[in-house]
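The following pair of complexes shares a single chain, chain A, combined with chain B in the former and chain C in the latter.
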Partner chain A sequence: MDNYADLVSEAIKSNLLEMAGVDAQISFLEAQAEDTFICHGFVILVGITGLRKGRIIFDTTRETAHELSKRINQEDAVDLDLIIDTMCELGNIVSGNIITRINNLHKDSKLMLAPPSVLMGDKLTLTSPKVGVEKLVAVTPAGPLVISVGFERGE
Partner chain B sequence: MATPFIEAFFTILSQVGLQNVQRGKLGVKENLHTSMNVSTVIGVSNMLRGNVTYSMEEETAKRLASILMMGMPVQELDAMAQSAIAELSNMLVSNTVAIFEKQKIFVNVSPPTLVVGQNVTLRISQVQTLMVEILTEAGMIELNIGLEM
Partner chain C sequence: MKIKVLIVDDSPFIHKAITRALSDDIYEICGIAKNGKEGVELYSQLKPDVVTMDITMPVMDGLDSSKQILALDPKARIIMLSAMGDETLMEQAKSIGVKLFLQKPFKSEELVLTVRKIYLEG
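Right, the complex of A and B next:
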């Protein structure tokens, strides 16, 4: 993950603990050669702009998104609108945390984020030409959450 | 703020071989959403902030990919066809940014992400969104512009 794997791991682990009260176990997945990301049905996509362009993907199942939203809101019942809002906020906070850590590491990178997007569907794939698809998975009691931070290659 | 996005469509689509490009219906949505199965999502920051999508049905995407690949038949929206659509999005975005810069409006954009699936729902910016239909011989492309000023 562009040598940011540890930094991303720390960000997702700390935010999941603070927001959902879950202790996530992080595994690093092997990098794919292709630019296509095959998803599990519920995705938060956050664009990165600045001196380097890229994107952050949070990918999970609808069931895990539902369960995480229940834990974050401390509610037994959450509707789809609340799930979407909650997962957007989780994606926004974790992405902000990641970008802040990278900006602190490289003072001139001046990375900024676009607002998060929510994508739901069956057989979902995401393709960003020339953007690396490296990912890690946060295994939580609510289910697994895959995170990918990718920057355009050749910059 | 919508004009540079629309202008880019007319400039770029004619360059890649689409001869008959017209503006269709305009509309305003309370938030940026679409249920079309093929969309490109682009994040925007700096002097403008938000998201823009180019959305279309799968059949339109196949016809568009075929035109972009010099008439090669496209039966399935495979990796090569997806790459062609994503590259078109890259060209559209780059042209849009150049038009904004001429107007001294500086924007940064994220790399376009092409989303393909079945029963797709995209819920993007929670801001009022301008929807513009772009009518082409390949089919209709829905341009959604959800930007905060």
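Right, the complex of A and C next:
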């Protein structure tokens, strides 16, 4: 798989700054052949379609999702519906930026996004056994956000 | 006279962001459609000056909705707003008659300038 870590890092850093006004510190996590998440409580899952199939996962705590939503909406109080919608849109926008950068690098890839889904709950484990991933963590004043970009492994 | 803007987007977060960006007295958010089909219906009823159009929406996407609106009114001023901004998609939007394209996340000033530009250019 191509290494997209820098491109993912640039997209998440610039989008968090523009949307939430937060300066995220990015750390790269070790690339893995299998990606297993012990989720922190609030997950956004965005499917990738096109020449190569994959998915992007955003994992954070409910508290961080709440705090990020307040900052993004510039409101002191946000209800759960708005938190879900805001985090979905954040996931969609960051994913769209990542995919756009990849499409502009590889003109024939024609990657598109599926609508985002949200998973909420304690003790959730997500496993993607058939993908190779780039994984990083964005540490923000609102709390940490883990991002995993995975594409199906080639034959 | 106010510039009437129709928002076509399935995200309440984007409705708020656009409404906040266009809070100046010269703009009026005349309607909000949550999918492309509603967008076509509201365009016919409200005859807005400018439409902001998302691409990925349930029921009918933004490209099909734009096609139908432009079939009704070839002079419709449509700004496509999308998280995706690759050249192929922009060319596709332009080929059906969409005049301007803005990639999300947009800054408020960018949206204001884009709405003003498309309105003045007609």
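Worth a mention:
In the analysis below, the second predicted complex is superposed on the first by the 146 of 155 C-alpha atoms of A that agree within 3 Å, B and C clash if a C-alpha of one lies under 4 Å from a C-alpha of the other, contacts with A are read in each partner's own complex, and residues count from 1 in each chain.
Everything below uses one rule, namely that a contact is a pair of C-beta atoms (placed from the backbone, for glycine too) under 8 Å apart; a residue touches a chain by one contact, two chains touch by 3 or more.
None of the values given here were measured: they were computed from a predicted structure.
In the superposed model, A:L113 lies in contact with both chain B and chain C.
Within the superposed three-chain model, A:N92 lies in touch with chain C and out of touch with chain B [touch as defined at top]. Looking at the superposed arrangement, the partner reaching more residues of chain A, out of chain B and chain C, is B. By the document's definition of touching, of the two partners only chain C reaches A:N104; chain B does not. By the touch criterion defined above, A:R153 reaches neither chain B nor chain C. Look at A:G121: by the touch rule set out above, it reaches chain B but stays clear of chain C.
Contacts of A:L82 after superposition on the shared chain: chain C is touched, whereas chain B is not.
When both complexes are overlaid on chain A, the residue A:R62 reaches neither chain B nor chain C.
In the superposition on chain A, the residues of chain A touched by chain B in one structure and by chain C in the other are 112-113, 115. Taken in their complex, chain A has these residues touching chain C: 15, 18-19, 72-74, 81-82, 85-86, 88-89, 92-97, 99-100, 103-104, 107, 110, 112-113, 115.
On the chain B side of its complex with chain A, the touching residues are 37, 41-46, 49-51, 79, 82-83, 86-87, 90, 108-126. The touching residues of chain C, when paired with chain A in their complex, are 11-14, 16, 20, 56, 58, 82-88, 103-105, 107. Residue ranges on chain A touching chain B, taken from their complex, read 34-36, 39, 45-50, 53-55, 84, 112-115, 117-131, 152.
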